[in-house]
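In the two complexes that follow, subunit A is the common piece, with subunit B as its partner first and subunit C second.
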Partner chain A sequence: MPLTYNIPMFSILLVLMSAMVIPFFSKKSWGLNLIRGVEVVVAALSAVLLVQLSGAGESFTYQMGHFPAPWGNLLRCGPLEALLALVFSLVMILSLCAGAEDIRRDVRADRQGSYCVLMQLLFGSLLAMIYTDDLFTAYVFIEIAAVTACMAVVAKESGRSVVSAIRYLIFSCLGSGLVLLGIALLYCITGQLLCSSLEQAVMELVATRTYSLPLVVSALLMTLGLSIKSAQFPFHAWLPDAHASATTASSAVLSGLVLKGYLIILLKLILRVYGPSLLATTYMDDLLFLLGLTGMLFASVAALRQEEVKSMIAYSSSAQISYIFLGLGLGTDAGLIAACYQILAHAMTKSMIFSGAGAMIRASGGGHYWSQLRGAARRAPLGGLAFTVGGLSLCGLPLLAGFSAKYCLAIAALDAQWQTAPALFGLAASSVLNAMYYIPAILAIWGRGKEGERLPWKWEREGALALFLLCNVVLGTAFGPVRDLIEQGLNLF
Partner chain B sequence: MKNHNVREDWYHRFLRWAGGEEPEGAEGPEDPERAEFQEYLEYIEAHGYMEFGAYRLMRFRQRREKGLEDPRGSLHGPPAPEPEPVHPPRHHRPGKLRNQILLYRVLSAVIVITLAAIFLVVTMNLPLFGRADSPAVNEVSQRYLEQGLEETGAVNAVTGMILDYRAFDTFGESAVLFAAAMSTLLLLHSPKSRMRTFRGPDQVLSQVGRRVLPVILLFGVYVVVNGHLSPGGGFSGGAILGGGLILASLVLGEERMARMLPAPRTSKITVTCLLAYGLMKGYSFYTGANHVGWEVPKGIPGAILSGGFILPLNLCVGIIVACTMYTFYSLFLEGEG
Partner chain C sequence: MLETILQQRYYITAVLLFSIGFVTLFLHPNLIKKIIGLNLMDTAVFLFLASMGYIEGGAAPIVEEGAKASQYINPVPGGLVLTGIVVAVSTTALFLALTIRLYRQYHSVNLDVILMLAWEGKAED
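Presenting the complex of A and B:
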């Protein structure tokens, strides 16, 4: 076995254990530097793994310990997992760099160490969700993500963030509970927890037509639980306040990455456990499709009504998550590719918009209403540019990441059956709605407002924003290679 | 006849509840701070968002303009007359919810009843628990039970399962506990918190506690250390130890315990155990997956020093669980004070 195959196990353990070292530090700034350093290492290792796996066109399983799969734990990694790990660690580093000043200002000095611990545990749990092939392991790390994500919101300790974190906690627990019920039902009727064994067992159950009701209900419960946790439209009530009231880095990570972690588990359930054919016979994919279609429109309409920049971005996250559901609900391979592309594009774009908005809010002296942000982009030029490019990317301007994702989705919709017309209509309408709230916002921030001091130049923040812009353009222009990589990854998934 | 009355009563009570009425005896909170917070919530629901501090400042200015005293414990003269209610009385729900409360409450009842019905039907369709032909009885559990002793060296099959076969899950579970402890630490701990003066424990508690405490702690240690040989292990023994620490804090006084185990020290102990767990399991993940060999000797099954890493892992998990429980207790106590 090549040495590089140890990278998934090594990066999960490294991230979790680096979080556990932080309480020993007496100087608080070391915590933030340590976690960013570890994330750089993880990003580099994931890039090595990605190059090797996509070159060889293979995926592998890694047994955690001395015992083979159904008895011991198992990790599974192919090009798609390596790509996701790379993008997630990049977004994590850049968000923490762009939001570092806000962390120092928003989180009390004696609590910044704990904040870093929790953010790193959150990242570790996301990595484990990407790599695991075992539903119970996935559930354990869903729990870690639930606890730490709530804390990422509440760390700011303003009245609003406390209220919204409590709401988030309640929704999150409901989601986890439904997922756990689904896993328990599935274990009762199959006796397996490992995805590959589950797939066989489910196929047998479908062929012999036994336990069909518990099987369908378990699929429904897990879909429901995961869509609550990823803030899909009717269950998105917790998202806007939680993401809008957190500190900049938390908002960027929560919106960009945490929502996607649950969607990756949903993708694993669809591809590795239930299989597309079962979903089609039980109309589960139609359910996903309709959820996605309504979410795209309603969440965008809600975003139109916001008077505050971060709430608007948060509602727009819920709309963008719906694109992923739409792609999953198409039930074709092209739909799944589009969903994965949207996961990557939205992770990059939304965290960039939140970071840019954070810089502008800081330049406007903490004001986050549109009236206070007039002309903010002149005071924080790179932040304004990040917000502008991100907004245009979500509206679907060519050569940017959001356009490529939409294009991918449109191609996938053309091959579908009855879904073609509604999907294309939804895409068009939602792009128009996106433009209706992003373009006035962009005009407002570049317009002439009250004169203020320019935000002092900090390499940490400006460098991160510039890298965000670069990644976004790369994801938008390198459409062909990235799509091929995702396709290869999904074939080996 | 009586039965009919009762049912109609319930039905009407449901209707009144769904219409937005509060049950009797819940007219309004007496606590002035809570009342103020409720007013605040109604205000932000009706007028848009505002920080709580800013709201209080605004109310304070309003009251001062009208020449009113602070309603809470004014020092000068008799309490001022009630200010005019700007908002509707409290038993109305604020904002959007007020208009939709009938729909909201009826729908919530319908959803709960539907879910309960679905779960009941599903449960009737599940394989019976513990039957030999149920799907959960398969080669997985068979190997755990039949070859567990030989492969892990632990007489207690459950411990062998959670600390050797599926040790990665257990690492995740310990990390959940750690995350929860760090969260409470982040929210509730402040280094300069004033310690409440210790009033001295209740006579009965003190006398009984001092006698029982050593036994509890010793039993906890026994359950942890003997985890691979007899029922028990890190999680259950750690819970006993954690309960013992809480009892110690009640009997000996929070100050003495806070000197012995301050919150930063407990979190350092937890973290040391987690790191030890991670290093040990990292070693066995690496050697196991790469087939390097270099296995830890398993010893003679039944001896206290056997089972490879299981004994130290049990110790780690036990200490993590105990410290987490004690951290919760001490921090919530501190938060109350």
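Presenting the complex of A and C:
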């Protein structure tokens, strides 16, 4: 076994261990530096793994403690998982750098170490969701992510953030209850928890036509639970408040990464457990498609009515998540590729927008209504630029990440059966709606407003925003290589 | 019919409990009752798992020399239930902590009242 095969296990372990070390530091700034350092290491290791796996065109399973399949727990890694881990760790580092000042201001001085522990545990649970091959492990890490994400919202300790955190927690608990019941039901009829053994067991059940109703019910329960957790349209009531009332770095990570973690598990269920053909015969993919289509339109309409910058961005997250559901619901390989592209593009773009908005809010003295943000981009130029580029990317301006994801989705929709026309209509309408709320916002922040002091130049923040911009352009322009990488990854998934 | 119900009594109870818990957590405005609902919901899944792993006449899965595997009940659901209990306890703790915070600030455990007060506070900013 090559040494690089240990990287998934090692990075999860490194992240969780470093979280445990932080409380022992006496100096507060060390915690933040340590977690960013660890994330840089994880990003570098994932990049090495990605190069090696995509070069060799292989994926592997890692036995925890060398116990073979039915008894031991497995990690599974291919090029797609390595790519996701790389992008997630990059987003995590950049969000924590861009939001560092807000963390120091919003979080109480004696709690900053705990905040770092939270963020690190959240990152660890996301990594584990990416790599794990075991449904119950996935459930445990779903819960860890939910608890830490709630506490990341509450870290600001304003009344509003506690209220929104409790609503977030209620919806999370509903979602994870459904997921747990679904897993229990699936275990009941198959006797397996590992994805690889589940796939065979499910295929046998389908072939012998036994337990077909419980099988569908379990798929339905898990899909429902995961869509509640990832704020898909009819279940998105908790999202805007929770994401808008948190501190900048929390909002960026929650919107950019945490929602995607659940979608990766959904992707695993679709590809590794149930298999696309079973979903097509039980109309599950149509359900996903319709959820996505309605979400794209309704969440965008809701975003139009927001007077607060962060609420608007949060509603736009719900709309963008719908694109992923639409891609998954197309039921073709191209649709899955588009969904993965959208996961990457939205992770990069949305955290950049939140970081940019955070810088502008800071430059306007904490005002987060549009009236207070007029001319904010002149006071925080790079933050304004990040917001502008991110907004245009989501509207679908070519050469940016959002455009490439939409292009990918449109190509996938052309090959679909009855879905082609609705999907293309949805894409067009939602792009117009995106433009309807992002372009006035962009004009407002660059317009002439009340004179204010420029935000002092901080290398930490400006560097992170510049890197965000660079990554976004790279994801947008390097369309071919990234798409090929995702395609290879999905074939080996 | 009656025989089927009797055979499946654990599963039926589990599903009933789960539904009661789910609806309470979703719809009841009182935060404490919501927490009770959450625990009911989790306990229902544990009942489901534990009854599934039970084999008629099986012993607790502690290995003794000379005993066959068929003499024991299935140990895996037991392990899952234990893990699930840990998870349920920690979410309950977080839920309670947030409820205490809210009660100190708004002097109510009714979520509707709290949301109304929070909305008024937001309008004043």
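The working rule: the second predicted complex is superposed on the first by the 493 of 493 C-alpha atoms of A that agree within 3 Å, B and C clash if a C-alpha of one lies under 4 Å from a C-alpha of the other, contacts with A are read in each partner's own complex, and residues count from 1 in each chain.
As a convention for this text, a contact is a pair of C-beta atoms (placed from the backbone, for glycine too) under 8 Å apart; a residue touches a chain by one contact, two chains touch by 3 or more.
Model, not experiment: these values are computed from the prediction.
**Q** Examine A:I166 and indicate which partner it touches, taking first as subunit B and second as subunit C; both and neither are also allowed.
**A** second
**Q** So, A:V147: does it touch subunit B (first), subunit C (second), both, or neither?
**A** A:V147 sits against subunit B and subunit C alike.
**Q** Mind telling me which of the two, subunit B or subunit C, contacts the most residues of subunit A?
**A** The partner making contact with more of subunit A's residues is B.
**Q** In the superposed arrangement, which partner chain does A:A410 touch: subunit B (first), subunit C (second), both, or neither?
**A** Neither subunit B nor subunit C is touched by A:A410.
**Q** Could you say whether A:F67 touches subunit B, subunit C, both of them, or neither, answering first, second, both or neither?
**A** Only subunit B; A:F67 stays clear of subunit C.
**Q** Which partner chains sit in contact with A:F136 here, subunit B, subunit C, both or neither? Use first/second/both/neither.
**A** Touch status of A:F136: both partners.
**Q** Under the stated touch criterion, which partner chain does A:V48 make contact with: subunit B (first), subunit C (second), both, or neither?
**A** After superposition on chain A, A:V48 lies in contact with neither partner.
**Q** Kindly classify A:C188 by the partners it touches after superposition: subunit B alone (first), subunit C alone (second), both, or neither?
**A** Once the two structures are laid over each other on A, A:C188 reaches both partners.
**Q** Show which residues of subunit A both subunit B and subunit C reach, each in its own complex.
**A** 136, 140, 143, 147, 150-151, 154, 159-160, 187-188
**Q** Looking at the complex, which residues from subunit A come into contact with subunit B?
**A** 1, 5-6, 9, 13, 16-17, 20-21, 23-24, 62-67, 70-73, 110-111, 114-115, 117-118, 121, 124, 128, 134, 136-137, 140-141, 143-144, 147-148, 150-151, 154-155, 158-160, 185, 187-192, 201, 211, 213-214, 217, 307-308
**Q** Which stretch or stretches of subunit B touch subunit A in the complex?
**A** Subunit B reaches subunit A through residues 48-49, 51-53, 118, 121-122, 125-127, 134-141, 143-144, 151, 164-169, 171-173, 175-176, 178-180, 182-183, 185-187, 190-191, 264, 267-268, 271, 274-275, 278-279, 281-282, 284-291, 295.
**Q** In the complex formed with subunit C, which residues of subunit A make contact?
**A** Touch list, subunit A to subunit C: 136, 139-140, 143, 146-147, 150-151, 154, 159-160, 162-163, 165-167, 169-170, 173-174, 177-178, 180-181, 184, 187-188, 193.
**Q** Mind pulling up the subunit C residues that touch subunit A in the complex?
**A** Against subunit A, subunit C makes touches at 18, 21-22, 25-26, 31, 34, 38, 41-42, 45, 48-49, 52, 76-77, 80, 83-84, 87, 90-91, 94-95, 98-99, 101-102, 105-106, 111, 114-115, 118, 121-122.
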